[in-house]
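Below are two complexes that have chain A in common, paired first with chain B and then with chain C.
Right after this comes the complex of A and B.
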């Protein structure tokens, strides 16, 4: 990976930061922050589901662990928010490694893997709904206290900037995947596990590494969510909604691409918001739109929005790699 | 280089490989032939670690590797191709080969460079940027070979790399295989095409119904009455002799 590889993530960060500081209204700024959080969750999902071909239906397990960890540490132990963030990411990654160890050891793939991850997330949801440490059904509230160390800002643009920087870091991580041996091995496993094994790939270890990275990234989204709303309960943390939004954004944006999850999150949440405004706030109408978009994407643009761009520009290029691939995909 | 001793594999009631032994001496091309369903591919899968034998041992470069998973055997220098080709369909030919090259070249750029060189060597120079899914049968067979070669193996297990190729394609690829051997890579190949076996192998083993029934230089083995019967049915050898070999 060279400095040039980081150019696109850097441009994305600059554009998003410029947007955050362009004088957006409070509502729009909140939407931008929420887009960044969902993007991070989806970027995490994309590492495992997009690059590794292992579709999880339970990324809530990591999101929720990140969210709960930081709030519990702050409220009951008085740890500062940044340490809480690091702990949340690490614990989320550890939960990923644990679920990965159990699933991959038993060779779970495809729908079996999706189901087992869903089961883990649901168990965590039910447990956290009744356990005293997670505040039971009441959840955990973090008292309002502005300050950099508390990761709470009177001027919400600063929080947006921090979320954007993390999204940028996740973009860089994805770029590294595209440029490294680990990433090449992960993609090889997605394409053909047996062939990868024959070429010396330790399938178990690569998958375990992928789910750990993926879980850490999604846990970071959970930490930011908790930090943004200063509240978390079992449904928000471990509910299926976040598992679904993470995979929606990644699939709609483009599986296994660097910008896919970000583009997907922005497109989905943006459209959802517009629908809510137009319909005058009918509850759940944005979910209806999400479903329709997913169906349209899978039917007409199976490669996601990112492949749309390649399809449009591919015609004008010489017969390069992308042009050929989109022909085959079509 | 490789020796398997007394390998046995049962699939519930069926004994696919029954107490089979063979050796692939260093620097040679050894052949494994036999009628369809003889258990050749099963034997290969056990040699490469994709199946665990019910009995017997696999020894590679003097070490017992019977219980080792495939990726560790690959790191020791054992590479295999698949009879039913297994390309990474969504990747380009170059990226496919690079996965193999990564075994000894952690850097992406180096692995891609190696992939270029190996792709050219097996005759895939024009196709390096194509998606593997778009290759012809012959191209895919070459890709299997290239990927295995990219791991810099000491031993190459080739499972019917010539099957499905037309005679001119076979003529093109024979020198490639011989050149690999000349560089010091030991080869064990399963092959149906007798012309190729005669042409390449110094020593062949014949597997029929899971049992090793003959071994020796290809010419001798092809005249062995037991081998003829295994291929053509019971009594065939006697009838051929009676007919003075005219029908052969």
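Right after this comes the complex of A and C.
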């Protein structure tokens, strides 16, 4: 990976940061922050589901672990928010490694993998709803206390900027995945596991690495969510909603692409807001539209929004793939 | 410790709830066995059927048990259309796409119901909801006794359809050898849709059996999805006998866990079984192949 590879993530960060500081209203700024959080969760999902071809229905397990870890550490041990963030990401990654170790050792993939991840998330949800350490059904509230060390800002633009920087880091991570040997192994496993194994790829370890990275990234989204709303309970942390939104954004945006999850999150949540406005706040209408879009995407645009762009530019530029590559790298 | 009588009653009640679980799982396992797809929308379709039963009782005064006669054909039609016109064409036959399309379908259904009915829980009042049947020293809830018998009867009917009719023969042929079945003139996409429809008809019966003792809200089906998957995996994906035995077993396990650990942890028992079976015996108790 060269410095040139980092150019696109950098541009994305600059554009988003410019947007955050362009005088957005409070509502729009909140929406932007939420988009960044979902995008991070989706970027995590994309590492495993997009590059590795392993669809998880239970990324809430990692999201929730990140969210709970940082809030528990801050409220009961008085740890500062940044240490909480690091601990949340590490613990989320560890949960991912644990689930991955068990599932991949048993050779689970496809529907079986989707179902077992969902089951793990549900176990965590039910357990955290009754365990004392997670505050039971009442959840955990983080007291309002502005300051950089507390990762709470009076001016919410700073929080948006931090979220955007993390999204940029995740973009760079994805770019590395596209360029690195590890990423190539992972894609090889997605395309044909047996062939990859025959060529000497250590399938188990590569998958384990992928789910650990993926879980860490999604756990970071959970940490930011908890930090942004200063609250977490069992439904928010481990509920199916986040597993579904992460999966939606990644698939609609474009599986296995660097910008897919970000584009998907922005497009879906933007559309969700518009639907809510148009329908006058009837509950569920935005998710109804998401469901329809998921089916339409799978049916007609399996490559997601990113493939749409490639199709268009591909038509304008007859040189196709090479033209795209140089354009992306420039 | 609880007295043996209470334990026996709880376990028997669990067995009867398990029969309804088994019926839900039966539809799921049938669909898996023939189409080789994991129907993630199964829970949402159950919710649709339960709302159907509720609407009939609320507005037309139809008894929940009698509504089977209306809801079973209705759900059969809905299931046929869903597979023939949405799931089949949209997923291009890939395992992952089918999973995602049925997930999308379940989200559409759940939120469609949420938009239409809001998140209130609804129940049906019947004269017999709290009646009990005396069996020696044991007192058993009447709706659950009905549930046990109707569920077993439905399983028998399903078995008869599969074993004794032409449609059943076609379904079994497609399950065994899709290409061969197509070559002898069986229309595979039609058989797929009929199978899916039969699975949905099972849901209609299950919904009618559940409504006198349970409530319905747009997310009710969710609670049953994982239970049904657990049963299907436990019994062996695609195995009808497995679904029956698995359903009864899970019902008893849930009743036992709820009795000893409380309601919410009773559910954990089910998920733990699910995870353990998937990890250590993914072919289940009766499944031949993975």
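In this text, the second predicted complex is superposed on the first by the 317 of 330 C-alpha atoms of A that agree within 3 Å, B and C clash if a C-alpha of one lies under 4 Å from a C-alpha of the other, contacts with A are read in each partner's own complex, and residues count from 1 in each chain.
What we mean here is this: a residue touches a chain if its C-beta (ideal position, glycine included) is under 8 Å from a C-beta of that chain, and two chains touch if they have at least 3 such contacts.
Computed from a predicted model, the values in this text were never measured in an experiment.
Student: Once the structures are superposed on A, label A:199 by its partner contacts, choosing first (chain B), second (chain C), both or neither.
Tutor: first
Student: Does chain B (first) or chain C (second) touch A:188, or do both, or does neither?
Tutor: Once the two structures are laid over each other on A, A:188 reaches chain B alone.
Student: Just chain B (first), just chain C (second), both, or neither: which does A:179 touch?
Tutor: first
Student: Which one hits more chain A residues, chain B or chain C?
Tutor: C
Student: Tell me which partner A:270 touches in the superposition: chain B (first), chain C (second), both or neither.
Tutor: neither
Student: Contact-wise, after the overlay, does A:18 reach chain B, chain C, both or neither (first, second, both, neither)?
Tutor: neither
Student: One more residue to check, A:281. First (chain B), second (chain C), both or neither?
Tutor: After superposition on chain A, A:281 lies in contact with neither partner.
Student: Which residues of chain B touch chain A once you look at their complex with the stated criterion?
Tutor: 48, 50, 69-71, 74-75, 79-80, 82, 86-92, 95, 98-100, 102-103, 106-108, 111, 129-131, 133-134, 147-148, 150-151
Student: Which residues of chain A touch chain B once you look at their complex with the stated criterion?
Tutor: 179-181, 184-185, 187-188, 191-192, 194-203, 320-321, 324-325, 328
Student: Residues of chain C touching chain A in their complex?
Tutor: The contact residues of chain C facing chain A are 37-38, 86, 89-92, 95-97, 99-101, 103-108, 110-115, 118-119, 218, 222, 226, 229-230, 233, 264-265, 267-268, 271-272, 274-275, 278-280, 282.
Student: Contact residues on chain A for chain C in the complex?
Tutor: Those residues of chain A that touch chain C are 53, 55, 57, 102-103, 105-106, 108, 110-112, 114-116, 118-120, 122-123, 126-127, 129-130, 240, 244, 247, 251, 279, 282-285, 287-288, 290-292, 294-296, 298-299, 302.
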